[in-house]
Amino acid sequence: MSKYKSLKEECYEANMELNALGLVIYTFGNVSAVDRDNGVFAIKPSGVPYKKLKPSDMVILDYDNVIVEGDLRPSSDTKTHSYLYKNWENIGGVAHTHAMYSVSWAQAQRDIPIFGTTHADHLTQDIPCAAPMADDLIEGNYEHNTGIQILDCFSSRNLDYNEVEMVLIGNHGPFAWGKNAAKAVYNTKVLETVAEMAYLTLQINPNAPRLKDSLIKKHYERKHGKNAYYGQ
Amino acid sequence: MSKYKSLKEECYEANMELNALGLVIYTFGNVSAVDRDNGVFAIKPSGVPYKKLKPSDMVILDYDNVIVEGDLRPSSDTKTHSYLYKNWENIGGVAHTHAMYSVSWAQAQRDIPIFGTTHADHLTQDIPCAAPMADDLIEGNYEHNTGIQILDCFSSRNLDYNEVEMVLIGNHGPFAWGKNAAKAVYNTKVLETVAEMAYLTLQINPNAPRLKDSLIKKHYERKHGKNAYYGQ
Amino acid sequence: MSKYKSLKEECYEANMELNALGLVIYTFGNVSAVDRDNGVFAIKPSGVPYKKLKPSDMVILDYDNVIVEGDLRPSSDTKTHSYLYKNWENIGGVAHTHAMYSVSWAQAQRDIPIFGTTHADHLTQDIPCAAPMADDLIEGNYEHNTGIQILDCFSSRNLDYNEVEMVLIGNHGPFAWGKNAAKAVYNTKVLETVAEMAYLTLQINPNAPRLKDSLIKKHYERKHGKNAYYGQ
Amino acid sequence: MSKYKSLKEECYEANMELNALGLVIYTFGNVSAVDRDNGVFAIKPSGVPYKKLKPSDMVILDYDNVIVEGDLRPSSDTKTHSYLYKNWENIGGVAHTHAMYSVSWAQAQRDIPIFGTTHADHLTQDIPCAAPMADDLIEGNYEHNTGIQILDCFSSRNLDYNEVEMVLIGNHGPFAWGKNAAKAVYNTKVLETVAEMAYLTLQINPNAPRLKDSLIKKHYERKHGKNAYYGQ
């Protein structure tokens, strides 16, 4: 029996949840889960429909994309996942989708402004939309370079991946992460919801103001601050 | 056995209905139900997923937010609920959500104009959007002050909470209430529906006129007036 | 046993279908079915939730709104239905809803332009939006006068109710009819679909042209003309 | 037993999938599947509701629209299907629907711009919207001429049906095809998804730029190029 059985199961469950939440059609998404002790992560195999997916189909790789276990080809976006795991040591899961509203903001090449408390309950910043990559980066090691693009975006904007657990890649779509795969999926759903709310807000009032700082701080702190009183 | 068993069940059922109606994702909402004879109310515990929720998880508090019964932390919005119960003696239930269209109007900081009979079947006024609170109120006893903000909004506009059973808090989202918890949930769904209709109406015709007074009166009266002929 | 048992069942099934198609929330709609031989029609009782509805709850009335059989109060919109049955002898069923896109066009007080073949498969005209009624008609016998308003709209525009089986009442919502109750529900769903398509079309291209006459004629005739070749 | 049993089953399954994916209401769509060895194709019968449809109901015709087997009248759009089979020898299935967003772009008479990688994962071109036909073509052999219109559109724009497996007919709706009926349905769903994304993108940013060539090439090639690494 595989020593990665529970890791594969965590990864499998998170992928199935992505589908159950309506965030993917066909095979347009992938979730991975990391095992920091063993320096490996599990990821969805490429192009396998959800209804045929089994926990044992998950592919195990190290952070240099060497397959450690698994008979199937891993997700075509694997190198973006591994780059994030290698560089961001606190994250435990990564999710990528082509969810409708997130993709539409990415195609519009716009950051999602922080308009309300639903957003501030999760992060204090606009959701960043990284610029499309330079041609040579696209033509080169594309998925690896997508990881670089994400880190460059966070670096140039002084964003902390421990707080901002989501990003849009211009013209492509969202990546989200978190302490484990389930949290990465949760953040993907939150991003999609906030993206739809921001879209509708601008339709109703093109001059809708950004959320004021005091409300941003209050809502973020009551859920994530040291005196947080949300949850059990 | 708890003397509040039936109160907890009413509260539990209303929270589950909120979820079944598609008005919440994850734990983004809460409903409470009051027991006027005993001066207490039941409310959803904070951050507990709907599929794990049990009637016995509901927390019982008095109007000063003292926990009377329950092992879990109550909803982080509890003080807004208690403030409404304390000040509005006729209401029996309160609901709060981050439902999509209601939140979008709140983020746009706009009242929802009364455009049609679906709206007038339930109230004769535009649905008010209370302004975001002053910074010191946000930084202080925030959820309590949210209750104050709602009452100030109703007072300054001469609105009667017995007729207008819903409000938007600017940049945040909707609160609704009614004679019991089920009615509060019903009003939340009506508000979300009317919010979507008003959004679409303005997309189709940015100059859509307000509903004329005679139609407002006719539709409201046939359902709520002393000669009402709607229902059994 | 009631002599109207099968009429009640037809009416009940059509009302339940309205709900199953997502055209109503709560009790925001009603369907009736006529028995021309006996000069009566069956209609949904007022304000009864769909999950509690039984065929035997349907109320039987004559065209002058006298209750012939039934213990419950009929739909508050009954007099509009009876007026249509009395004046339009070919129709066998009527449906009224507050469906989202149909209501939004009604609130925008705009006819739905014929933009494509989905529309032309069912009628050759823009879907008319009747103007809101004069105040004295609203304050008077409102639901009866709604029927008059529909007929006035058809008369002033030279529309034939045998072809145009649907209408919007300004600021209110849609009525649809047909050879029986099921067809009235079908037309309600078609209207809602065409209303959403027309809304999206104008968002994509505010100058979208009306469908050309040759295409209107071709699509309508291949389904409804004397040489129709659609269906079995 | 029919020699076309498996062809009918392929066709039946694809039609049912169209319905399961929410791409059709009522009977507003049809899928066909070809048997190149026998020079025939199976197609949905006209106007038969999905819940009554059986595999044995599928109609078998040759490319000149002569019925080879079947008791029911074939889809009214049959001649468009046969024209495509006759002229495009590599295709194995064709699907036609009145899906919401695809129809709305068709009614707007606009090509769907390539805005992102979801689009580029499937084709490198804008999705073409063929102009509505000339009046004499509409009044003549309409469905046959619709096929001509599609081929003229591809010819005048130098498009290859092996790569661009979808088209919008102005004022009407989408046709899609592929190596078999299931792929035609898949392409119909992809088209509908891309149509909704493009609509939302333009709402968020009316000046959203077309996807850059390097990204178009990278995404198309990684899935369809000779060094493709997507899928198993």
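Read from first to last, the chains carry the letters A, B, C and D; within each, the first residue is number 1.
In this text, contacts are C-beta pairs under 8 Å (C-beta built on N, C-alpha and C of every residue); 3 or more make two chains touch, one makes a residue touch a chain.
Please read all numbers here as calculations on a predicted model, not as lab measurements.
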From subunit B, count the fewest steps through touching chains until subunit D is reached.
-> 2
Answer with same or different: of all residue numbers used at the interface between subunit B and subunit C, are over half used by both copies?
-> different
Farthest-lying chain, centroid of Cα atoms versus that of subunit D = B
The distance between the C-alpha centres of subunit A and subunit C, rounded to whole Å, is 46
Taking each chain's centre as the mean of its CA atoms, how far is subunit A from subunit B in angstrom?
-> 33
If you look at subunit C, which of its residues touch at least two other chains?
-> 203
What residues of subunit A sit close enough to touch subunit D in their complex?
-> 25-26, 28, 45-48, 72-73, 76, 98, 100-101, 103-110, 132-133, 135, 138-139, 142, 171-173, 199, 202-203
Interface residues, subunit B side, partner subunit C - complex | 115-118, 186, 189, 193, 196-198, 200-201, 203-205, 208-209, 211-212, 214-215, 218, 222-223, 229-232
